[in-house]
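All chains are identified by letter, namely A, B, C and D, in their written order; residue positions are counted from 1 within each chain.
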Amino acid sequence: MKATLSGIFAPITTPFDNEEVSLKQFRSNMQKYKKTPLSGIFVLGSNGESKSLTESEKLSLLEVVLAKRGNHQMIMAGTGHESTRQTISFSKKVARMGVDCVSVVTPSYFKKQMTDDALIAMYTEVAEALTVPVIIYNAPGFTGVTVSPKVIKALASHPNIAGMKDSSTGNMSSYLLAAQGCDFNVLAGTVSTLLPSMLLGATGGVVSLANAFPASSCELFDRYMAGDMAGARKLHNTLYALNQSVSGSFGVAGVKYAMELGGFHGGDPRKPLLPLKEKDKESIRAAAKAAGMI
Amino acid sequence: MKATLSGIFAPITTPFDNEEVSLKQFRSNMQKYKKTPLSGIFVLGSNGESKSLTESEKLSLLEVVLAKRGNHQMIMAGTGHESTRQTISFSKKVARMGVDCVSVVTPSYFKKQMTDDALIAMYTEVAEALTVPVIIYNAPGFTGVTVSPKVIKALASHPNIAGMKDSSTGNMSSYLLAAQGCDFNVLAGTVSTLLPSMLLGATGGVVSLANAFPASSCELFDRYMAGDMAGARKLHNTLYALNQSVSGSFGVAGVKYAMELGGFHGGDPRKPLLPLKEKDKESIRAAAKAAGMI
Amino acid sequence: MKATLSGIFAPITTPFDNEEVSLKQFRSNMQKYKKTPLSGIFVLGSNGESKSLTESEKLSLLEVVLAKRGNHQMIMAGTGHESTRQTISFSKKVARMGVDCVSVVTPSYFKKQMTDDALIAMYTEVAEALTVPVIIYNAPGFTGVTVSPKVIKALASHPNIAGMKDSSTGNMSSYLLAAQGCDFNVLAGTVSTLLPSMLLGATGGVVSLANAFPASSCELFDRYMAGDMAGARKLHNTLYALNQSVSGSFGVAGVKYAMELGGFHGGDPRKPLLPLKEKDKESIRAAAKAAGMI
Amino acid sequence: MKATLSGIFAPITTPFDNEEVSLKQFRSNMQKYKKTPLSGIFVLGSNGESKSLTESEKLSLLEVVLAKRGNHQMIMAGTGHESTRQTISFSKKVARMGVDCVSVVTPSYFKKQMTDDALIAMYTEVAEALTVPVIIYNAPGFTGVTVSPKVIKALASHPNIAGMKDSSTGNMSSYLLAAQGCDFNVLAGTVSTLLPSMLLGATGGVVSLANAFPASSCELFDRYMAGDMAGARKLHNTLYALNQSVSGSFGVAGVKYAMELGGFHGGDPRKPLLPLKEKDKESIRAAAKAAGMI
């Protein structure tokens, strides 16, 4: 059996102190996540501002994550680069360090050339070069590339492709049905789609809101698993509204500010991302209050 | 006065031999470009597959370009990274090596956050950190980010921002009017828009077709400058149709094959870009024949 | 209390015989729908090719519907025109004939001017001019206009706006939360989103697949209402896959062919819609077989 | 030879008095257009709010146009409906009244089904049913449908399809090349693209700014025809900037207000289009002043 992806993963952020990575703040955050029910940590992803980090920064962050994680927590590292060879070479490095799986975002610069054939060839080559399981990361909002169900159908049975993280906005059934019968896990990419996706067959989610409020995100998962549909819907409504006001309105900068409200080190994103304005922070505070988080 | 950008620039490609950069083939190409009327070389851009190169590969390529360029040829290097600090640090390196200007593509991963304010802040910070002039590169087809006329209006008078390369598909007047009265050059991003853009005020173009057929691209520029409108339109029609069959249909892989037809080293792109199929090559050959290029 | 919209509505099609409306076939279809558990009939909508009908054709169709409906079936008529006054005047006509509510699609020709303010003003004026309840129809796939949650927030408490039919592809929570606390029903616009939408709070759906296979669509609703989540998911998967092969691939022409497989009069759509090719029909037949419908 | 379309056409608007068509104001406008150098009048188009008019309103407007036009002015009427049969039947009516040609916009409601094959079949059927020449109207901003060069290639040689009005934003060469060798005229759809389009081979334009300032729009055409490139570019810049502030910012409502500044009857558009706010009018006045129009 391939790796099982289940429950809530936090796509953790990278704290900066005056544009420099602060490993100290990062360590402090990890120490707290360790004690949460989060089933996994996704490091070096979009919310980690991975594309704005140098390779040596990435490796330092990963070391901390591997040292500090809870025993119950799976570590997934983002390793996608624009070239297939860089993706493979970086994935091998992090695999040797001990991550449980790698999440590979689609290349995005040559969008028009990212045809089904190109994506199938790329993911197959990556999966075959690695010993650690590969997770396909579909993130059209960042990449402008949408993985088609046909690609998933072609890849879902690959012994080293364990699943998919879907951050597209649509109905997840097209992917779930394409992978039907395969040992292939699909994760929702946001708390906003977590509940309906689980009803359709997703096994969990990578949820930026969990960076700030891990317990509530895990509770949504638990309510669904316990069959408490009314309770799940109620919590979904709360978290959906909150998430729209945080990540949906302000992206990484919003997530980082929400983390401060939740007791973590957030701070400003690295440039060119702009820091939040005071009124944006206020609107996040108001939303967190309305949601009963603070 | 800021740098003057005029005439035709070739956005040169990177030859690969079995996925490794071939400096030998690259040198041979440069030796030929040197003898052409091309007024500039754009290295480390989209057609150079810059996003798929390591930094040390980039620097090796740049060394060759600086050593082999014609005396009449300006060297523009692509230096845009996702983070502002990486853009600045890499730009400083290439500036010390002797490039004439740097072309900075918009960051693209955090598309929704690339607001006017974020882009103005980013380009301003980059321009102020550098001694070499900055060219704004607007490439929505690759980045999913469109530089607005408002951004150009805010930046065109900056003493170290010399111009813009516009690879969007629209009418260029919105940018030209935003920069009116400033010492700011706008270049077309493809041969398909070169002629109408020059009529509106562009001073030249960065033209992937010039990688394969530099003389014809330069001739189109010359006809327009000589006031030969009928001749310019005729050649425009020929090159427009050819360009649609090359870059318009197959991107970098198409440009590279056309280069082989034009007597240069093309070869396959680096993965995940797929090599052309035989029938695709045939269609490019047919188009080159129809255009009288071979 | 406003009109309650609950259960499955069939957005019935208009049969044509050699481009002429066939009331005979239409009557025969209605006779069959009457005996189904469908809770409503939506006539003169997108699947009814309403935009391709003359007003007198529309009125004849409506007469049949009103005469032949089952007693348990609500009649909703599509009445949206490009101008507010035509929408009002046609809505008044159909209201006098006895429909239970009118569905008003957003105007679409002047897309860029269909701002929140314009839509709020339009729906308010329509709702106030009518005695019959108004349903907002959000159909970006047809109109290129997306109703924003802000519009719904402004309109949901209007005493004569009873709900919304949402045919957009996204998560329905943004609309449901905007209308929270109001007597306002949200219907899914396709069987593909019916199940997850109901989990989030939708009260039913307008489902083109129900034109062909009304019993199965109603069964999906019933399983959900009975709390049979596993059974609902299983049937959702079947109907989702079928719907992708019918409406998702071929639009109205596909729905009409599926109707023939389901024992109804389908026939060709009116031009400019093209009739299906034989191989397209085959693929629908295959999908219907795989789904156990035939 | 087919109809020749050359010079500047005004896509005239429909004046409303308290939501009712004002034939009196319309007549007064026509009396003025008659004395301008406009080579044609386009009635019942997008700017005429044709989609918001009843058929009898349309016919009354057309009567006025035919009675009042200048002898040198060609009359083109918009006749596109969603169904092919309605397009044909309405086109026949206006042809009998004496229009010189009909402009047929692509159907738009069933966007996804408006394939190349569907459009080719539709335009061919319409052209063959009529004695008056057909102009293809490509208006993706309104319709969400883009006519492909392949469609133009298939239709350009049809003896009763005389040309195309292109309101897309791109480079017009793809259409001009598709029609190369055919007796087929391409008109620009806005003053913003008129000059570059003419350089590429367009024979004129349908220009909403000409509703307000017919002389200047005609002068741009004349300067180009006279070979005065510098003068043409200068006037293009003026009109481009003005047009962005009028139609580009406010659509029909903006055009109508600009008409009042130009001495014509403008007035408010029909609902759901909103009337301009006072500050919007001010910004148009400022732009018209800056352009030297008032």
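Operating definition for what follows: a residue touches a chain if its C-beta (ideal position, glycine included) is under 8 Å from a C-beta of that chain, and two chains touch if they have at least 3 such contacts.
Source: prediction; values computed, not measured.
Asks: Which chain has its C-alpha centroid at the greatest distance from the C-alpha centroid of chain C?
Replies: B
Asks: What is the distance in Å between the mean C-alpha positions of chain A and chain B?
Replies: The answer is 35 Å.
Asks: Please report how many Å separate the Cα centroid of chain B from that of chain C, as a whole number.
Replies: 50
Asks: For chain D, write out the residues touching at least two other chains, lowest number first.
Replies: Answer for chain D, listing residues that touch two or more other chains: there are none.
Asks: Would you mind giving me the full set of chain pairs in touch?
Replies: A-B, A-C, B-D, C-D
Asks: Please give the residue numbers of chain D that touch chain B in the complex, ascending.
Replies: Going by the criterion above, the answer is residues 169-171, 173-174, 176-177, 180, 192-193, 195-197, 199-201, 227, 229, 233, 236-237, 240-241, 244.
Asks: Quick check: in the complex, which residue numbers of chain B touch chain A?
Replies: Where chain B meets chain A, its residues are 19, 46, 49, 51-54, 81-86, 107-115, 117-119, 121-122, 125, 141-144, 251-253, 270-274.
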